[in-house]
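Across the two complexes that follow, chain A remains constant while its partner is chain B and subsequently chain C.
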Partner chain A sequence: MDNMPWLSIITFAPLVGVFFILLIRDDDKEIVARNARWVALWISLITFFVSLGIWINFDNSTANFQFVEKSVWMPGLNIAYHMGVDGISMFFVILSTILTVLCIGASWITITDRVKEYMISFLVLETLMVGMFSALDLVLFYIFFEGVLIPMFIIIGVWGGARRNYAAYKLFLYTLAGSVLMLLAILTMMFQAGTAEIPKLLTHNFPATLQPWLWLAFFASFAVKMPMWPVHTWLPDAHVEAPTAGSVILAGVLLKFGGYGFLRFSLPMFPLASADFTPLIYTLSIIAVIYTSLVALAQEDMKKLIAYSSVAHMGFVTIGTFAANTQGIEGAIIQMLSHGVVSAALFLIVGVVYDRIHSRDIEAYSGLVHRMPKYALIFMIFMMASVGLPGTSGFVGEFLILVGTFKTNTWVAAFATTGIILGAAYMLYLYRRVIFGELTKENLKSILDLNRREVAIFAPLLLVVFVMGIYPSLFLDAMHASVENLVERYHSALAAAQHISVVAK
Partner chain B sequence: MPLATLPSLTPALPEIFLAIAAMLLLMLGVFSSEENNTRMVSYASVLVLIVAIPFIGLVTEGRSVTFGGAFVTDTFAVYIKALVLVSAATVIIMSKDYLKTQGIERFEFPVLIVLATLGMMMMISANDLIALYLGLELQSLSLYVIASFQRDSARSAEAGLKYFVLGALASGLLLYGMSMIYGFAGTTSFDTLARIFHDSHNHISVGVVVGIVFMLAGLAFKVSAVPFHMWTPDVYEGAPTPVTALFAVAPKIAAMGLFIRVMIGPFGELGAQWQQIIIFISVASMLLGAFAAINQTNIKRLMAYSSIGHMGYALIGLAVAGAAGDAALRADGVESMLIYLGIYMVVNIGTFACILLMKRDGRMVEGIDDLVGLSKSNPALAMILSIFMFSMAGIPPLAGFLGKLYVFQAAIQVELYALAIIGVLASVVGAYYYIRIIKVMYFDDPVDELDRGISLEMKTILVVTGVVIIFFVFYPAPLLTGAESAAAALFHE
Partner chain C sequence: MYIAAVFLPLIGSLIAGMIAFAAHGAVHSEDAERKKRLDLASQLITCGAMLLAAVAAILVFIAVVVNGQNGTVELFTWVDSGSLEFSWELRGDTLAVLMVTMVTVVSSMIHIYSIGYMSHDGSIPRFMGYLSLFSFFMLMLVSSNNLVQLFFGWEGVGLCSYLLIGFWYDRPSANTAAIKAFVVNRIGDFGFALGIFACFFLFDSISYDTIFSLAKEKSTATMTVFSGEFHALTVICLLLFFGAMGKSAQLGLHVWLPDAMEGPTPVSALIHAATMVTAGVFMVARLSPLYEYSDVALTVVTLIGASTAIFAATVGCVQNDIKRVIAYSTVSQLGYMFFALGVSAYSAGMFHLITHAFFKALLFLGAGSVIHAMSDEQDMRKMGGLYKLIPATYILMWIGSLALAGIWPFSGFFSKDIILETAWGAQTGIGQYAFWLGITAAFLTAFYSWRLIIMTFHGESRADETTLAHVHESPKVMILPLVVLALGALFVGILSVDYFVGEHTVEFWKNSLFVLDTHKTLENVHHLPIWVKLLPLVVGIGGIALAYLMYMFAPELPGALVAGFQRTYLFLLNKWYFDELYDKIFVRPVFYLGRGLWKAGDGLLIDGVGPDGVAAAVKHLARRAAAMQSGYLYHYALAMLLGVTFFVTWFLVQGA
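What follows is the complex of A and B.
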């Protein structure tokens, strides 16, 4: 049992599915599509269940990397194939695998064009996402991190909306421009430290003069991925044009790359630079929280509204991360997971009515509660989770972040809190306009409520939202050791640097 | 003359074999019936080029020199020659259908490619300025002819003439530089030059530096690096497509090999003199390759700018090799360059195979817009071409990314940070036009479908190159070790 390369199995199982899908050949397009759907669904389900095994067998008591695999890859550059997870990354692996299943389910009937290619894109995407979160080698990490662009570009460009060209280009070039600088930083780190192993680099002390440059290079990449204000503009475009499942993966997993990167690289590897740049992060995050919330309030397009709310929620994540204490960081991770589930659900919710009416305009809807009671209920729950109502996952994340931030900087916490109020405002406003009121529009009079497939897609998300909201310890316990370790390392590095500067004086 | 003075022929065995084979191929073409002599000579040429590969492998033991020190073989030469032979052989295979549809099926075509290859191999193995020039001219003259092989086409004739005039100018520059160096150093032998510059430390006469600059200009022309790139887009566009494919790979790689050998061999000690020039050429090529390609509508022209850009990236490795200091780091620079060239060759062959398949109603088309909707009419071809494009853009996990990774890693090691930063930013601009091709194939709706039907040879080439590009990341070891030992051969002393 113990010798099985579980992480590799989870990472590459979807590629096996790709292989099977490539083998499907038939003159009848329907048969090809049906087979491709089923293969993709089964493979992603199997992958998901195997990944649950990682959680079940996860040792909560240690901060070390678990399920570690290592083998020679490119010895000339000291690059190895090195995988493993700790309390920080483990949940993101599971988030990726479950959302892939739901995405394939959500596109079951809505995607009728080039189904084979569609399913291949999603399975490849799953491989890259899981690999990204479990890579323990810098170059391996970068390959997965950047490789995501290929399937994402295709998904938006081929199955997207009217302005898909523009959106796909913007996504591709923005994120590429951000991450190439990170590549140079990675190469510099490898040269400086003589290794590309993340566990070793976590304890390596980079020179204080080099840290700001490396930090900025990583920041360029993560800030775009996150996305942080002012480089968030690609996100609303990408979300609006992407097919529903594309938006789900984008909001659910890809936005977490940035937050994960800050936790895995910026904070522990460049503690001095992180401390110096914290005010910058705080400022940008607060602008993101308040400004994008206001922008969200003014949106007429449902997907755009949720996209802007994502930017605001991610602002919370960066605030919590750079508060650099246990509550803040654990809150940031919970917030990311919660946002992964909740925003994914919200995009699916938009997708449900879009599939029926083919409009994303808020104006096009009203009084849906009369025809779609189940839909209204589910929408309400996720809306509340997004706002951060106690008992839902959103509350735990925002609360922990605010507690952590309050300890380090009261002003930041105060400004961030206004974001929560604004969040409640735009979400409730959206909900009122879409769900309540009179059902006057002709085309809505015959709209159908959720069918069984759609309920089945929302059920697991509902479960996660409530479990995370009511019993967060289930998640917090697993990440606690790793987060403690990270915080401790961060503060001891700062203390050591302070000591040196005191002595120097 | 006693026989004892005959120099050892073993190091030059592959070249001798190719020379004799080329003569025999000519005779075969002349004396066989006219109906199918082209096909026969083509197959025979491919066979000759493939048989030559084990020949070059035979002489790998260390470094051997012959013809009075004018000719050298080492693992470096073996590596470059292998790339050149493989690309030349593949191009002949790819040209078969094209020659037939264009009505220019003549047996001289494959023979000229074999002769050009022979010239390339001679210049790769050159260890003397005169030998260098001989190889270079044999190569160039053969290439001038095949550039204008489509005699009835004004564009092809123009391409050949342009290539000839500008190529002759470059040869002149090169020759002038060589004469300056001979005049000031008193020798043409690479080994002696290296010793002279090694002993003289920093007392280098200006004449030598001027000579090096002229030689650099000539060589930069051959690899089409900015500012000596002007011929490339026109020649690429005008020449018959298989010839363009050949131009993009074999002569480029051979000239790069020569470039490396000249700069590291005789002038290795003078890095301080030439490194800045290489850095400038590299930066200018990367930027021009990125920006000038954006507005292109002809795919062959686009590939011309793309190859200019790629040469810029490869030259980063040479700039690293010109840095002062640790021989291991300088060898890393050459190694990264060799890896880059290897991957460049595979991607370009694959891409040109796709371009050669762009036919509508039996006629070749070259516009990027002609690819519209290819993902619907021919999904497999569209998928493979998009893999090549992503690879050229340097997106992981494809091979092109690893090539760039090695080059930038080498640059970082010798702290050429500015060069690396300009390089990665140019690659983002470059990504724009590569993904535009993917956009055209996937996102736009088809107007007129391209012809279907791919011959077995083309299928094989596409599958092999595609598999190499995708799976290189899983098993990069063969190319890496090859490049490593090849680079080490240059820094043996």
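What follows is the complex of A and C.
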């Protein structure tokens, strides 16, 4: 049992599903679609439950990678198929698997065109996401990291809205520009350190003169994925044009690639450069929090508003990460997980009314509470999680980040805290316009409340929001060892560098 | 027992929430009978849970305050990250259980009152659910044992306040008021949150026990924040006080409270008079071990409190909406509580908090009874002469007003008196400031209270025929809770004055409030000149007399005054133009800025120079490059020749 390659099973199980879906042949399109849906749902459910096993069997006491698998792939180049998770990456694997299940559920009836291909795209996407979070080899990581773009590009480009081509290309170009630089950095690292193994690289000391260049190259890629201001403008377009489930995965998982990258590479591998560039990160993040919150206030499109709010929330993540203390980093991870759940839910919430009325304009709605009380309640809860009400997951992340940041820089903490005011303003303003007021519009008078399928999709997300808000130890305990290790390494590297420069003088 | 007192309202609220959905279904299937049953069920369950909670709270009160037990209950760990660790806990000292008792008792009365008041409303289960949920958050707030749980309750009551102000969500004004309340409170929370961070920075803990025990040791510590070095406890206390100002509607952040009157009247009584708005006062008293070490913070608290007391009292004198008068009165009374805290008379501030909870809830519910009788009319200019029609309400309003005006032997007399005396007894400049403003405000308080009574109950009726025909005394289910609260307004003061601020004060509070030995304000009140002791009562009676003069005996006087002092009148009527000012300098610019950043920043600048600009440039270049592909063979041959010549020359030069 212990020798089972669990991570590989989780990673490649969706591909097995793809294989089955490819086998589906029938003249009746309806039957094909139905079978494809069921296969995708079952496979993603199985994958999810297997991934929960990783959490259950996770050893909280060690900072080492667990469930490690390794086999030689390209011996000449020292490249291996190497997988494993630690307290930082483990939850992202589960986040990916659960959101995939929900995405398939959310697309159940809304996608009627090319269902087979759609389900295949999502399952491939799942493989790549899980692979990305569990890869322990630089090259393997890069393949998964960039590979994700392809199904995402297809999902937006094929099943997207009216301006889907523009959005898909914008997404592709932005992220590609960053990845080229990252590839160069990866090659440099392999030659410099003589290995592509991430665990070894984590303890390798890169020369102080090389670190800034490598850091910047990775930054170019992660900043786009995050997205940080000012390279965020692909996000609103991508979200607006993507189908609901596409937005869910994009906001829920893909935006975490950048934050995960900072934690896995930038901070531990280039600590000196990270310390030097922290002011840059702080500045961009504060701008992101304030600027995008203000922009969100002016939006007329629901999806755009939530997209901009994502940029603001991700600003908190980068601040916490580079505060580089236990609270900051644990807060950043919690914030990413929480945002993964909450923003996914908010996009699903928009999707619910979009499916019924086919409009994302805030103007097109009002007084939905009269016909849709369940919807109004669920929207309210996720809105409150988004504005960081204590008792929900959003609070724990923001609070830890800000507590940690206050210790290193009070100005940054103060500016970032303004986000709690602006965040409340734009979300409440949105909610009021959509949910409250009188129900006067003719086409809304017969709108239906959530059905069972939709409630079933929101239920697990609600559970996570409350558990993470009321008893976050369930998540934090698994992170402690890895985060402590990271913080310790980071600070000892800085101290060592300080020591050298003192000696040199 | 303690757990029951706090969590029963939550359970009640969850059940009521489920019933609300069932009731919504019943409306759609047009099953009126079923809806009625569901409404009744929700009322019984929430009121029952609340009453049980009140009984449990009283038992806890007896155990802790009378029998001297330590009632603290730890539930489970909340957050544990590095050195930051705190749990869900219920703190069992006098201050906490006193508040728990007050909240449960007042809340259960208001729950019962709501059965009558909301009887014609379409969403009774939802309303009862919100009320109970609010009570739960308020109880979590007052029973907190660390700053973050305090913040949890703080935000939770803010949420419920938002939901209840916007309860009638069809009204745009209610929605606006709800958002305003939430956002203004969040501005205060900005300071509160930073205060918590600073506290963790200084003490490496946010649990009360730890920070209180370390406070003395750190009393001279400094902290580098915002590029300067400041006295650490002053920074923490001022930041936290900013949060208190938001929640307790103090000058500058008070703008949300009068608008909050858009909510149903029981909400105004429970949240915006008796409990939630006093959370800021409670917080400062709770953190007295920190505030005591910062004279600057205490001075600021006094200054803001006293200024708020007079500001709100002046505005209250000219309002015409019956609920708004009481709302401004609440703001003003909160100011009193704060300046008592500011002169280190925490027990006096808490005393006024408790007595105020009873008589202000009574006044609001009485006003609700009037509004109910008047078919939802709130403008006092359209009332008058009601005392014969609703005598019970009339008497109850008198009791509430006498208590508010501080007339012996009503509760307010004792608590307001001690506050003003301590302000004098502080023997400081700021204490004098608070005393004289407080005295003036006391005069105005008595004046506007009787202005309200006379305009509402006396004189000729100014209501139209149909409204007048419908005027009726409220049902027993509404009057009964009023009687309970009136008993509180009558007797709480006289019965408990010795415990709160008198000779038994040490046994009563035990260690839950902390005053430095050098802050002797409470002792000094024993050595006051007699006129200081009498003045509050004298100005109270004077205010009442003036109101009688102006509105009963010489009704042409107010009109003449308004005409004579047009500007002052408008300044007061428009509440010192705070709303207009904020709208101009905050609200509009923010929206304008958001739009500008979106269209110009994201659209023109980032996209224009970035992706769209690059795409356009590439397109342009490509067109140029395409133009070179002319298709004529001799063009290509020429290019080849030039190239070959170039390379040959290059190699020759290199070789040489």
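A few remarks follow.
The definition used in the following text is that the second predicted complex is superposed on the first by the 505 of 505 C-alpha atoms of A that agree within 3 Å, B and C clash if a C-alpha of one lies under 4 Å from a C-alpha of the other, contacts with A are read in each partner's own complex, and residues count from 1 in each chain.
Going forward, a residue touches a chain if its C-beta (ideal position, glycine included) is under 8 Å from a C-beta of that chain, and two chains touch if they have at least 3 such contacts.
In this text, all values refer to a predicted model and were calculated from it rather than measured experimentally.
When the two complexes are overlaid on their common chain A, residue A:374 makes contact with chain C while staying clear of chain B.
By the document's definition of touching, neither partner reaches A:257: not chain B, not chain C.
Of the two partner chains placed by the overlay, only chain B lies in contact with A:190; chain C stays clear of it.
The partner of chain A that touches more of its residues, comparing chain B with chain C, is C.
Once the two complexes are laid over each other on the shared chain, residue contacts for A:218 go to neither chain B nor chain C. Once the two complexes are overlaid on the shared chain, A:173 sits against chain B and chain C alike.
In the superposed model, A:270 makes contact with neither chain B nor chain C. Contacts of A:316 after superposition on the shared chain: neither chain B nor chain C is touched. Shared contact residues of chain A with chain B and chain C: 173.
On chain A, the positions that touch chain B within their shared complex are 73-74, 76-77, 114, 117, 139, 142-144, 146-147, 149-150, 153-154, 157-158, 164-165, 168-169, 172-173, 176-177, 180-181, 183-184, 187-188, 190-191. Residues of chain A that touch chain C in their complex: 170, 173-174, 230-231, 233-234, 236, 291, 294-299, 325-327, 330-331, 367, 369, 373-374, 384, 389-391, 395-396, 399-400, 402-403, 406-407, 410-411, 413-414, 417-418, 420-421, 424-425, 428-429, 432, 435-438, 470-473, 476-477, 480, 484.
Across the complex, chain A is touched by residues 335, 375, 379, 390, 395-397, 401, 405-406, 408-409, 412-413, 417, 420-421, 424-425, 427-428, 431-432, 435, 438-439, 442-443, 473, 476-477, 480, 484 of chain B.
By the touch criterion given at the top, residues 20-21, 24, 76-84, 88, 148, 151-152, 155-156, 159, 162, 166, 169-170, 172, 175, 178-179, 182-183, 186-187, 189-190, 193-194, 196-198, 200-201, 224-227, 590-591, 593-595, 597-598, 601-602, 606-607, 610-611, 614-615 of chain C touch chain A in their complex.
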